[in-house]
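Below, chain A partners chain B and then partners chain C, in two separate complexes.
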Partner chain A sequence: MNSEKHIVSAFDRDLEAVQALVMKMGGLVEAAMLDAAQALDTRDEELAARVRQDDKAIDALEEQIQQECARLIALRGPTASDLRTVLSVMRIAANLERCGDYAKNLAKRSVVLSQMSPIDGAAGSIRRMARSVVILLKDALDAYIARDARMAADVRLRDHEVDQMYNALFREFLTHMLEDARNITACMHLHFIAKNIERVGDHATAIAEQVIYLVEGRMPEDERPKESGISALSAASIRQE
Partner chain B sequence: MNDMRIAERTVSTNTAKITARGVQVYYGENHALKDVDIDILSGTVTAFIGPSGCGKSTFLRCLNRMNDTVASARVLGEIKLDGEDIYDKRVDPVTLRARVGMVFQKPNPFPKSIYDNVAYGPKIHGLTRNKTELDEVVETSLRKAALWNEVKDRLTAPGTGLSGGQQQRLCIARAIATSPEVLLMDEPCSALDPIATAQVEELIDELRSQFSVVIVTHSMQQAARVSQRTAFFHLGNLVEYGETGQIFTNPRDPRTESYITGRIG
Partner chain C sequence: MNSEKHIVSAFDRDLEAVQALVMKMGGLVEAAMLDAAQALDTRDEELAARVRQDDKAIDALEEQIQQECARLIALRGPTASDLRTVLSVMRIAANLERCGDYAKNLAKRSVVLSQMSPIDGAAGSIRRMARSVVILLKDALDAYIARDARMAADVRLRDHEVDQMYNALFREFLTHMLEDARNITACMHLHFIAKNIERVGDHATAIAEQVIYLVEGRMPEDERPKESGISALSAASIRQE
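Right, the complex of A and B next:
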C-alpha cells in the first residue's frame, strides 16, 4: 500500500472523506447490532423501535458513499491502489448496509418475541453471539483502516467461531421445539435472528476479504473453514427417529 | 468503445516483433537509458509511460535509429526487428525507417498537397510501378487513417490547410503508406482536441491488426485506453513492463504505483 500523498491533494481529501463515511457507517451498524440484541434480551420495545428508525441513517450513508465513489471515479480516474480503495469502499458499504438490515430485522422480531413467553437462555445466547459478531465486524473495519492483511486473514478464520455459535443455537432451538410445540413460533423467530447474526459474520468476512484485495491486489484463494447448519439439522433428524 | 476488451488481453500468444537486450544510450556523458530489455509484440499496441526525461522517447527513437541523427548519442546493446539486428552496418537506416514508421508530437505535413504528402514515401522507396498503383496506395492509406472521406474531394489542396487533427491523421496516413511493420508514435495526440484524440485512438486500435504500434504518451488514461502492454520508464530504467490492465490495477513496482496514481515518487 502506498502511503505517500497525491500531488493533487484534493484527491487525498476525497479518498479520505469517503473512507471516513464508511467508518461512520461501520460505527452505526455495530451500535445497531448491539442495541437490537440488548432490546431482545431486556424486552425493551423502545430501544427496538429506535434501532429500526436509525437504520434509515445507515441506508442514507450507503447511498452517499456510492454517489461519492461514482464521483471519484468520474472526476479523478483512480488507478492501482486508489482504484482498489474506491472499489473496496463500494463493496464494504454494501456489506454494511446489509448488516444494518439484519439489525433492524432483529429489532422487529424482538418486539414480537417480547409478547411471548421467553425461551430459557435464548436471548442471552443471542446477545453473546451478537457481541462476538460485532467484534468481528469491528476488527474487519480496523484491519481496513490499518491496511492490515494479516488481521483481515484472522477475521476470516474467526468467522468459524460465529458459525459454531449459530450451530449450537440451532440445535438448542430444535430441542425446544421438539419438547413443546408451543415453543415453535418463538423458536422460529429466534432461529431467524441467529441465522441473520451468522450472516453478519459472513459480511465481516467479506469485508476482511476486501482488505486483502486492497492490500495485495487479489482476492484470497484459500478455502476458509466452513460449517453449515445442514449437518446440525441432519444430526437432529437422526435423533428424532 | 470496443466490447471485446477481455479478449484483447490475450496478447501474450503474439510473437515478439522487436527484441531489445541490454540497450544503453548516452548523450555525451549523460547516461539516458540503462540496460533496457524488452520484447515488443506483434499485433499489439505498446505504451511507454514515465515522467519527462525518463528515457521513453529516447528508447522509442532507438527503434528506428532516429538517434543516429543526434551527433552526441551513443547506442549500445542489441535491438532486433524480426531477429535482425537493426544496428548492423549492412542495414540502411532509410529502409529501416520505411519498415518502422514514425508519427511525431506535432503534425508536420510537408508543404505539399494532401496527395503528395501520402505519395512521398512510396515514391522515394519505389514501392509502386505506376500512377494507378500510387493512387491506390494513397487512397487506402487515407482510408486507414480515417481521413479519406474528409479529403477525397480536395486531394490537391495543401496538407497544411487541414485542421490539427486532420493534419495528424494525414501524417499517420503518410507513415503507413510505406506499409511499415511497426509504427512508432511520439505523443501523437498532445496537440489535438479530445475529438481528434478519440479519432486517432480509434485509428490506433484499428492499425493494431496490421502493425505493431508503440506509443509514447504523457496521458496515462490514453495509455490505458489504447494499449495492451504498458512499459513504465523512470530515470532511464525500464521499471515495469506488463499487461496494461495489470499495470493500472495492480502494478508490482512501488515506483510504478507512485507514478500512475499521481503521487510523488
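Right, the complex of A and C next:
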C-alpha cells in the first residue's frame, strides 16, 4: 500500500516537472509570436533574426518533453486518466512546436516585407491579431494547468473571433491587390502570415479540446464553425465580379 | 520465461493490428488527395462533396488508432524500442489526419474554383503535384512498415522536389495575378491549395523522420533546405520591380 502510494506520488512529481517544461515552452512560443509581429510592424530585422534563432530552443524543448513523457510512461506505467494526461502533454507539446514554426515563418516573411513598400495599416492589424491569438494560447495553457473545462470551452468559442479577424484581413489584403498590382507580392506574404496566425488559434483550440477531453473524458462533439478564408474569398470574388 | 514470451508476442500482435489501421488510414488519405485533385481538374462537385464527407472516416480512424495505442501502452507496458514504436504510430496517425484535412480543404476550394473562370493549366499542374506528393506519402508509409531507413532518407530528399514544384506554381500563379486582376481570387485559392499540398510533403517527411528515428535511434540532424515559397515570392517581387 505504502509502495503504491510512493509510485503515485512519483508519477505526480514527474508529471509536474514535465508540465513545467510545457509552460516554459508556451512562454517561449508566446514571446516568439509577439516578437515576430513586432519585427514586422517596426521593420526590425535584428529582432526577426532573433526569433528565427530562438525557434531552436522551442524545438529542443519539444524534443525534451516528448522524451520525458516516454520515460515517464516506461518508468511509471501510468494507466487510465494518468496515461491520458501524459498523452495529452505530448500532443500539447506538438501543438506548441507548430506554433513556434509559424512565429519563425512570420519572422522570415517580415524580413522580406521590410524590403517592400508597406501596405497601409497591415502590419498593425497583423500585430493586433497576433496579440489576440497569444492571449488565446495562454488561456488554453492556463486551462490545461487548472484542468478548467469551462475556460477551455471559452477558448474554443473565442477562436471564432480570430477566424473573423483573419477573414476581415483577407478581404482587406485582397482589396489592396485588386487596387494596385504592385501590392500583390507584399499582400501574398501578409495573407500567409494572417493564415498562419489563424492556425495558431486552431492549435490553441486543439489544446483546449485536450483539456475538455481530460476533464470530461470525451472530446467536444459539436463541430466549430470553420470557414478558413474560403468564404471570405468567395465574398471578395462576388464583390469583384 | 514462457509468460514473458507470451507478453512479447501479444504486444507484437496488438502492434500489427494498429499498424494495419495506420496503413488503412494512409490508403484513405491518398485516395482523398487524388480525388480532391481530380475534382479540381474536372470541376466535379459531386466528387468534391464525397471527399469532404469521407474525411470523417479518416478522423474516426485517427481517433481509433490513438485509443488503441493508449490501450496498448496501458495493457502491455512496452519499454525502450517497443514504446518508441507505439509513440511513432501515434505521431504518424496525427500526420495522416492533417493530410486528410488538407485534402478536404482542397475539395472545398475546388467547388469555389469551379464557379470561376479557369486559370490556364493550373488544375493540371496541381493534380500532378498531388500525384507526386501521394507517392511520397505512400513511400514514407512503406518505409515505416519495412523499417527501411534508406527508403525514408530517400523520401526526405524527394520532398525537395515537391517544394520546387510548389515554388514553380507560386511564380506561375503570381504571373497570372499580375497580368490580370480578375485572376487574383482564383489564384489565391490555387496558391493555398499548392501550399497545402506542399505541407502534405512535409508530413511525409515527418513520417520518414520517424522511421529513421526508429531504426537509428536518433532523428536526422541535417536540416533540409526549406524555403516554403518565401524565396519564390522574393524572386517574383524582383521580377515585378
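The working rule: the second predicted complex is superposed on the first by the 233 of 241 C-alpha atoms of A that agree within 3 Å, B and C clash if a C-alpha of one lies under 4 Å from a C-alpha of the other, contacts with A are read in each partner's own complex, and residues count from 1 in each chain.
Going forward, a contact is a pair of C-beta atoms (placed from the backbone, for glycine too) under 8 Å apart; a residue touches a chain by one contact, two chains touch by 3 or more.
Bear in mind the structure is a predicted one, so any value in this text is a computation, not a measurement.
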**Asked** Counting only touches as set out at the top, which of chain B and chain C does A:Met116 meet: first, second, both, neither?
**Response** second
**Request:** Please work out whether A:Thr79 is in contact with chain B alone, chain C alone, both, or neither, and reply first, second, both or neither.
**Result:** both
**First, second, both or neither for A:Phe11, with chain B first and chain C second** = first
**Request:** Mind working out whether A:Ala94 is in touch with chain B, chain C, both or neither, as first, second, both or neither?
**Result:** second
**Prompt:** Between chain B (first) and chain C (second), which does A:Gln53 come into contact with in this model arrangement: first, second, both, or neither?
**Reply:** neither
**Complete:** Winner on chain A touched-residue count between chain B and chain C: chain C
**Request:** Would you check which partner chain A:Arg218 touches, where first means chain B only, second means chain C only, and both and neither mean what they say?
**Result:** first
**Message:** One more residue to check, A:His191. First (chain B), second (chain C), both or neither?
**Reply:** second
**Prompt:** Which parts of chain A are in contact with chain B and also with chain C?
**Reply:** 77-80, 83-84
**Asked** Which part of chain B faces chain A closely enough to touch in the complex?
**Response** 220-221, 224, 248-251, 254, 256-258, 260-264
**Prompt:** In the complex formed with chain B, which residues of chain A make contact?
**Reply:** 2, 4-8, 11, 77-84, 217-218
**Item:** chain A-touching residues of chain C, taken from the complex the two chains share
**Value:** 63, 66, 70, 73-74, 77-80, 83-84, 87, 90-91, 94, 105, 108-109, 112, 115-116, 174, 177-178, 181-182, 184-186, 188-189, 191-192, 195, 219, 228-230, 233-234, 236-237, 240
